[in-house]
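In order of appearance the chains are A, B, C and D, and numbering begins at 1 in each one.
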Amino acid sequence: MRITVWNEGRHEQKNEKVKAVYPTGIHSVIADGLREHGFTEVRTATLDEPEHGLTADVLAATDVLLWWGHMAHGDVKDEIVERVYQRVMDGMGLIVLHSGHHSKIFKKLMGVNADLKWREANEKERLWVVNPAHPIADGLPDYFELPHEEMYGEPFGIPEPDSLVLVSWFQGGEIFRSGCCFYRGRGKVFYFRPGHETFPTYYDKNVRHVIANGVRWAAPTNGPRVWVENRTVPLEPLPDAE
Amino acid sequence: MRITVWNEGRHEQKNEKVKAVYPTGIHSVIADGLREHGFTEVRTATLDEPEHGLTADVLAATDVLLWWGHMAHGDVKDEIVERVYQRVMDGMGLIVLHSGHHSKIFKKLMGVNADLKWREANEKERLWVVNPAHPIADGLPDYFELPHEEMYGEPFGIPEPDSLVLVSWFQGGEIFRSGCCFYRGRGKVFYFRPGHETFPTYYDKNVRHVIANGVRWAAPTNGPRVWVENRTVPLEPLPDAE
Amino acid sequence: MRITVWNEGRHEQKNEKVKAVYPTGIHSVIADGLREHGFTEVRTATLDEPEHGLTADVLAATDVLLWWGHMAHGDVKDEIVERVYQRVMDGMGLIVLHSGHHSKIFKKLMGVNADLKWREANEKERLWVVNPAHPIADGLPDYFELPHEEMYGEPFGIPEPDSLVLVSWFQGGEIFRSGCCFYRGRGKVFYFRPGHETFPTYYDKNVRHVIANGVRWAAPTNGPRVWVENRTVPLEPLPDAE
Amino acid sequence: MRITVWNEGRHEQKNEKVKAVYPTGIHSVIADGLREHGFTEVRTATLDEPEHGLTADVLAATDVLLWWGHMAHGDVKDEIVERVYQRVMDGMGLIVLHSGHHSKIFKKLMGVNADLKWREANEKERLWVVNPAHPIADGLPDYFELPHEEMYGEPFGIPEPDSLVLVSWFQGGEIFRSGCCFYRGRGKVFYFRPGHETFPTYYDKNVRHVIANGVRWAAPTNGPRVWVENRTVPLEPLPDAE
């Protein structure tokens, strides 16, 4: 499994509070979590690298891509978004994290703007499993807690997930569909909510566990290609009845 | 639209607290709520009537059946359950309320035991709309509150709903899939969580609104019959190509 | 119910064969079919009208929009597509017909390119109902036939439908998911496959019946708005336990 | 992965034609196909063994159970059905084959009678992939053919599948949802249509490939338990705001 963890990487440069939590960048902490779960081929890429670190070669050698972005969605070049999109159509898995709900690639794949409510109050989040049979629930307890997180609230403007695995409870009175699976083309997309830049969420044992399960679920499968161009199929000779 | 509201009706006889809240029975209060929403053909039926008030004639004249039960699921005769089941297969809508999740008819239609967690702490419930486009969300705000309810918690042992419309937040830290739609045979089933017998939930404006929307959504549609017996279809002459 | 039937309207001008089948345009025949089913407020709009006939006023006064396009998808202005998209987000129903699967609006709402196979061989299509409980199946037989249609084949590059109502059988050996329902924002989208420009498909009794059912299903419901911009929600005072 | 292939095994004893195709029984041929795909722990069990070969020990040591039955569904003891059901609730995968659609265990898990149309005309079946991203589609072409099979037709009286992977085309004019995935409790259920007893279907390369993929998809995952009995959860101390 060849994994690329993409991160915008801007908060870490501009905000002392974020730098204190993620001195080497959110991407490197997410990558560490994946290595902890036994994934060996884990690379990272960030917005400010050439081609955002997502060259054709890098994407061609990526089975599952993780995406964290927030303040600079608009700086992501459309041609790179298109490149990522085509890889998902061809089977690459995509894990979209937290504020990545407003990334160009997630909105394009969902077909909607994926809006939501939010509040920064360092409140408690509790994530409940609602589909215990799903591979992403493997090894999870009924629920796990994050003591301090940003709140995201419904209605979350996404299509109905093909599978809903996790729903969050927030201290302030909201719920949120926090673990959502979608099939798109030959690819799989998993949206996972937690991960505000000012909290040590990506060091959390359960969060790392869910991300590792998500990567396994989103691994490419070699199903038939979706037609990138139409084509004509000849009318076959009619079958013979016995 | 011909509606029958079915209620076990035992708590109201045995428990002073329940009798104080529902002196004429939970069924009659639910029926009043439906009349308030313009439904004119609303009858009620209870467990202790002959055939539980669900004779073949009553069911044949019922487009949507509502079901409230709790302490006496085991007293519902299997032949009546089978009669209700056959009507759902043939298109009758079924609205299962609160503790009806453990009724024989709901468990049979779901194919699972529909277990859940629960706690009686008179805590606050807040119901959030997660599918604003669904007919059952028509006219609802983002969320509505019930100041005092029994808690139901996940994992709720049901199949993934065909549409998930409402998710509850509870003060004590749980969430619950509270508004769930299912297609079964030619019929539609809507599970709606609130309605503990010691609280005036069925007098609540929003609860009545959701139940009325649920009845409209569950109205029978005259689609093709599901085959109650197999049959042989002759092999048609092969089509000619032009 | 205020309905607008949109049609590209180019084939009818350029192709004698199409003109012979739809002398007044595909849109007017679809509109006739809707009037036949009792809809009184039915207007039409075409590509070559100013703003493609889809001014802000027209869309504001449209509950359900039908879309037929094929040879000129690229001529539809992006600002009009955006205008239609925003109306769907706000609750307008959208019925996408036949080759409209490749329209800008459908691809944008699906988040994928919606590719498929196709063959023009004037072969027989048979449409089977696979969800008899769905409102769009109301009044339909097990299946209905179209003696001569264009073939569309799988894999059809769409997300898994929120409900799959119809699946087509083709003489040449293919199947196709021909009646697909999707929730998007506050709106509903129904894709319905038949309707090649050289065949009298939109005069067909069953095709008109399905389109009329689709319009009723896609009617706007007044659920809570999906957030078009994020907003901050104040942390509410914590609830008191009883 | 510990696999048990269960077969009714009656046709092979009573019908010369079936005996000629499956001299060692349908179960042993299915088991051979799984070994061919690298599964090493594959055992078989049949109706006429004590406890139908499904003792508590055998089921406790089974990760995925395959089920073929047809003429003797009624001879399967209810206590064994209940035993299999409890194992599915606890996470065991179940693959239901062909006429197993009418087995007690499948009908119980679906909550419906799973009726369908059928015809024996030795006609051609063509199975199309409709979800290329699904693990069960891994390594499959757009479609594969079986030259001679029994026809099954819609409407197939099942709930809407949680994922629909394969749809069949039949020479005589029908389609059928042939590869259907369902989550139930902590378990996964895959229904796969082909496999009439008089045809060598379970020797087919593609059929064996789909069954192997189905077994991998249905492998148990260790998610949280679904509550087999209700329980009371204490009201937790209310969270503190920061």
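Heads up, the rule we're going with is that contacts are C-beta pairs under 8 Å (C-beta built on N, C-alpha and C of every residue); 3 or more make two chains touch, one makes a residue touch a chain.
Quick caveat, the model's predicted, so the values are computed rather than measured.
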Remark   = Greatest centre-to-centre gap (Cα means) from chain C is with chain D
Message = Centroid from C-alpha atoms only, then distance chain B to chain D, rounded to Å. What do you get?
response = 30
Note = Residues of chain C that touch two or more other chains sit at 121, 123, 129, 131-132, 142, 153, 155, 160, 162-163, 171-174, 183-185, 224-226, 235, 238-239, 241
Inquiry  = Taking the touch definition from the header, please name the shape of the chain graph: line, ring, star, complete or other.
reply    = complete
Message = For a test of understanding, state which residues of chain A touch chain C in their complex under the given definition.
response = 89, 108-113, 115-121, 123, 151, 153, 155, 157, 159-160, 162, 171-174, 182-185, 224-236, 238-239
Query = Which residues of chain C touch chain D in their complex?
reply = 126, 128-132, 142-143, 153-156, 160, 163-164, 167-170, 173-175, 177, 235, 238-241
Query = chain B touches which residues of chain C in the complex?
reply = 91, 121-124, 129, 131-135, 137-142, 148, 162-163, 171-172, 183-188, 221-226, 239, 241-242
